[in-house]
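Following are the structures in question.
In the two assemblies presented below, chain A is common to both, partnered first by chain B and then by chain C.
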Partner chain A sequence: MGVRWVVSLLAQAVAVIFLVATSSFFLLQVIPGDPASVVAGLDADSATVERVRQSMGLDRPLHQRYFEWISGVSRGELGVSHVQRRPVEDLIRDRLPVTIRLAGFALLLSLLLGLGMAVIASAHSAGTTLTRLLEYGAFAFPQFWVALILLYFFSFRLGWLPMFGVEERGSMILPAVALALPNAAVVSRTARASLRELLQGNHALAARALGIPKSRVFLIHLLPLAMIPVLPVLAIQAGYLLAGAIVVEQVFGLPGLGRLTLSAIVQRDLPLIQGIIVVFGLAFPLLNASADFLVGLLWPRLRHGQSS
Partner chain B sequence: MTSLSIRNLIVEKPRRRGTLTLVGPLDLDLRRGEILGLVGESGSGKTLTLRALAGIPPAGLEVRDSSGTYHPPCRTAMVFQDPMGFFNPRWRISRSLEEVLRVVRRVPAPVAPARAGELLEAVGLAREEGKLFPFEMSGGMVQRSAIAMALAVEPEVMLADEVTSALDPATRDRILQLLCRVGRERQVATIVVSHDLPSLAAVADRVIVLYGGRAIEEGSPGEILGKPRHRYTDLLVRSLPGRETRGAPLPEIPRDPAGDPILSSSAGGCPFARRCPVALARCHGELPDWSGEKNHRFRCFVPVRGEDHG
Partner chain C sequence: MSDLRRREGGGGAILALTVLVALGGAALLADRIVPDPLTQNLGAMLLAPFTQGHLLGTDHLGRDVLSRLLHGARSSLIVSIGSAGLAALIGTTLGMVSAVDRRGVLDRALQIGNDAILAFPTILLAITVAMVLRPGRYQVTMTLAIVFSPVLYRVSRVEARRVIQKEFYQVSRMLGTGRFMRIVLHLLPNVLPQVLVQTASLAAIAIGTEAALSFLGLGTQPPHPSWGLMLSDARRYLVQAPMLSIFPGLAAAILAFCFQFLSDYLAERFHAVE
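Moving on, here comes the complex of A and B:
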């Protein structure tokens, strides 16, 4: 992992942005709904709609608009929102920090919860049953429902945590928990499978045969090894956190990218939707690269560039 | 001086109806610095015996001896067949050694690196080679490191399970000799398990032949190889490469119609009875007691007689 790694990472990111920018542009052309009539208003006559269409540049040929869009993306310009009449990149920049904080917190939480569950499951057979139930629950219950239940108990009934917005302390806790639960289940399943294999493996046996205590073998020797398959899975899951943020931010009233996305969809704000898709798309190569980097830290064989 | 003395070691699997005895009853006596070879085919219970002795039996099995539930009576260390899997793949060899020294032997942290270096030199590696990861080493080097790990424990009994079968033939003998040399030098009783009788016989002081979880013959390597008495040992020795003398065909050990010999021995008879070409009716019902002399004994109703060994 050196210069070559960084270069290939950058090339990957550029390729992903290009593909995402292109596909988002064409996909939004074929979905039904006319942005010009939405902007002009429901009761506008056809002449007004046509004028609006011209002012939005939507009357020009498709290829011309596509090349404008792509060259804009390459300069970091994602167009102008039809509805808010502000540059898309500015709108995203305002909202991004809240979502990054939320997703980062949720990611950390899902890792801790998932690993904790896996450790409990591996330590005791009753723990396995409990963990399985928790996993199914975390998968099965819809996120908005979990979010509402959390709100009801911890904010409304107990009053421990704020109900709405980002101003008060601890306002990120409940949204992050709601967002983290399905991911925690995925982490737990992966870590559980990997721990089970390691526990039956030769290294665990050898360490115990030499007299290293069971708990130390488990925590110091095996747990870091069990993380290796978890990290890439977590990186892929982290992408879905952004999708989950759309729902969770709505329930908790967080002014993040998720709520921006929802309102952009409702208002048929095509430039804004396109811009958000590009930003979301960029998250995947970045997250995968961080996972690769962490796996390299945990697994010297990869770092030393040897293959078996 | 006795280093290990165990009576009636039994490994069994509790089942819904009764228990299945997988190994034993087995008596083991080892002097300090003695090398005991444990030989047998796959499924004869060699590895199971070692894991039981080390106190790490496979899950679901119970280990007993004459005093009840078995616990290792002294400090044991075990070396395995798969040298790569032995080590923590995240750590350099020296770190793994220091881990054992510090956690098991309570060696203070500042002293541990020097001690790890001494151990590496004791097994014929350079101190600097401790900086390597297991995957950067050859199979022989890793197996040497594994022996160093076992020595780090300062065991009274060292258990070596097929330590050479993953290595190439040239390295194989050197590793086996190294293992036995450090065992004798440090006065550690060593049990070496193998299915390779000739190379075991070359290093061991004494050999026990295991079949279906039972010891069926015991003696000096020369006696076992030269004058096997039990019918199984006889067929085993005669089927060794290079033994097909005087144009006689290589004797084949008949297949067991009932499958697992452990089931036969569980029924109370000789574990080899079903496959034995000369078995008597009583061979199926009872296991004969030890006969022969102290330095070469066997359990067989129809032993091979001396004049058969021409």
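Moving on, here comes the complex of A and C:
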């Protein structure tokens, strides 16, 4: 049963990736503007444009290019960038570490912040009000705006942290905080709701009846259980973190996947955009499947009926 | 105690609604109550708030900030209400259709399509569509509607399935009520509360997303003022005129806050009814 469960999780992920790869291919075919004439330059004559088109392989029929693309994706090859004339997977590999470091840092931060907020809220009624205010704030203020304001105060005014780039120490702190805040609010909301339910449950009552101190019941007995709904939420949020990184990287001038995406768009570098969409599309189902897997692994009772 | 709480929440909800209506009204009447947001005055650049008749100061081209904020509110409101409303229409319809599909083929197909859309990060899909359709605020509205509809599809499908299992629905079916009438009479009224909750929450998300896309140059296009565009201009003057950066973000936060607050209030209300 366990094997079938893992296989079904993987099969779902593969199906979604296939769909994303297919739709990104066809979506980008209908974009107005001819990539061949962009590459050939503004003052190229029609013969040159035609030659460029041939060298880019764009003169071949659509279905042929599609099957080439899909089989390439399954081998991990994402085509060659029109503009930079390098394999797309190499370009992405160069930029990915910065984004992953940023998103990973932000994910960790949001988990800690969110759980902290949930614990404070559950411990005291004044804490609930404070946490709810914080949650609303984290939701409502646009991420990139928080990034700008943090930049202004901590870099310009106080001079504590570096402004741009990745070279200096601590350069990841502000971007990660800006990126983490909305996620922390989501984590806190989820954990808070599940803690509230658990606190009223028999589990908590029994533990208290056995004479275990309140704080111990709370932290050791209930907090791990409250994590069950948090994990899948965190997986979804991790995907959004990657997307949020596009904007935050722009504000802080970090050379990550986000900057690569924007320059690919400006330059109409279709293979690169396709490749980035696939990488993002890959992240979502994989993160979801791993969250489901983790939940099922830690709490086997929940393995069935996970599918929807 | 819980009764008191609910009443407190009610006051907050009325306040949120009032702010929304006031902002909406101000955005609608912006042409009458504030100067033209496009008029440049290079003699009065980067003025501080409360100077020379500019309540919130001027930007780097001497344009009135308050006026740009109110006109920018139009973009935010069009995109947020438009996209959440459209998503509610699409998602709820498909969700209920999916729930009543007895053979399950359509249901399956819709679910897979749903997952595929969910797999696309919002910003990335918005960027792609902005490329296909050229950037603009109506394009952003369409994109966000597509991105948001899975949320409402899921919610309404789950709620509808719950209703289908109830006796009154089965009785109605046995009495020969047609499928369409069953959807309209039995499913829609029971699905609507949760749809409303989610729609308000999505409108809140749309505010920030519109701002982010415009900030990147992929959303609202000049000369239409937008809070995201204001921020992308203001960013270059962060040191000289930090207030220029602060106002649009605050405005976006207030609007998003109101929508989110309404959503939570509705959620609590409807939960209490159950």
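Following the convention adopted for this analysis, the second predicted complex is superposed on the first by the 267 of 308 C-alpha atoms of A that agree within 3 Å, B and C clash if a C-alpha of one lies under 4 Å from a C-alpha of the other, contacts with A are read in each partner's own complex, and residues count from 1 in each chain.
Everything below uses one rule, namely that a residue touches a chain if its C-beta (ideal position, glycine included) is under 8 Å from a C-beta of that chain, and two chains touch if they have at least 3 such contacts.
Here the structure is a predicted model, which means the values were calculated and not measured.
Student: Give the label of whichever partner, chain B or chain C, reaches more residues of chain A.
Tutor: For chain A, the partner with the higher number of touched residues is C.
Student: What is the contact status of A:Ser23 with respect to chain B (first) and chain C (second): first, second, both, or neither?
Tutor: A:Ser23 contacts chain C only, not chain B.
Student: Give one of first, second, both or neither to describe whether A:Phe284 is in contact with chain B, with chain C, with both, or with none.
Tutor: Second partner only.
Student: Check the residue A:Ile273 against both partner chains and state whether it touches chain B (first), chain C (second), both, or neither.
Tutor: The second partner, chain C, only.
Student: Could you say whether A:Phe141 touches chain B, chain C, both of them, or neither, answering first, second, both or neither?
Tutor: The answer is second: A:Phe141 touches chain C but not chain B.
Student: Check whether A:Gly201 is in contact with chain B, with chain C, with both or with neither, and answer first, second, both or neither.
Tutor: First partner only.
Student: Please name which positions on chain C make contact with chain A in the complex.
Tutor: 112-113, 115-116, 118-124, 127-128, 131-132, 134, 204, 207-208, 211-212, 215-216, 218, 228, 231, 235, 238-239, 242, 245-246, 248-249, 252-254, 256-257, 260-261
Student: Using the touch definition up top, name the residues of chain B that touch chain A in the complex.
Tutor: Contacts found on chain B: 51, 54, 56, 75-78, 80, 82, 85-90, 99-100, 103-104, 133, 135-136, 146, 149-150, 152-153, 159.
Student: Mind listing the chain A positions that touch chain C in their complex?
Tutor: Residues 12, 15-17, 19-20, 23-24, 27-28, 30-32, 136-137, 139-146, 148-149, 151-152, 156, 239-240, 242-244, 246-247, 250-251, 261-262, 265, 268, 273, 276-277, 280-281, 284-285 of chain A touch chain C in their complex.
Student: Show me the residue ranges of chain A that touch chain B in the complex, using the header's touch definition.
Tutor: 201-203, 205-213, 216, 221, 224-225, 298-301, 304, 306, 308
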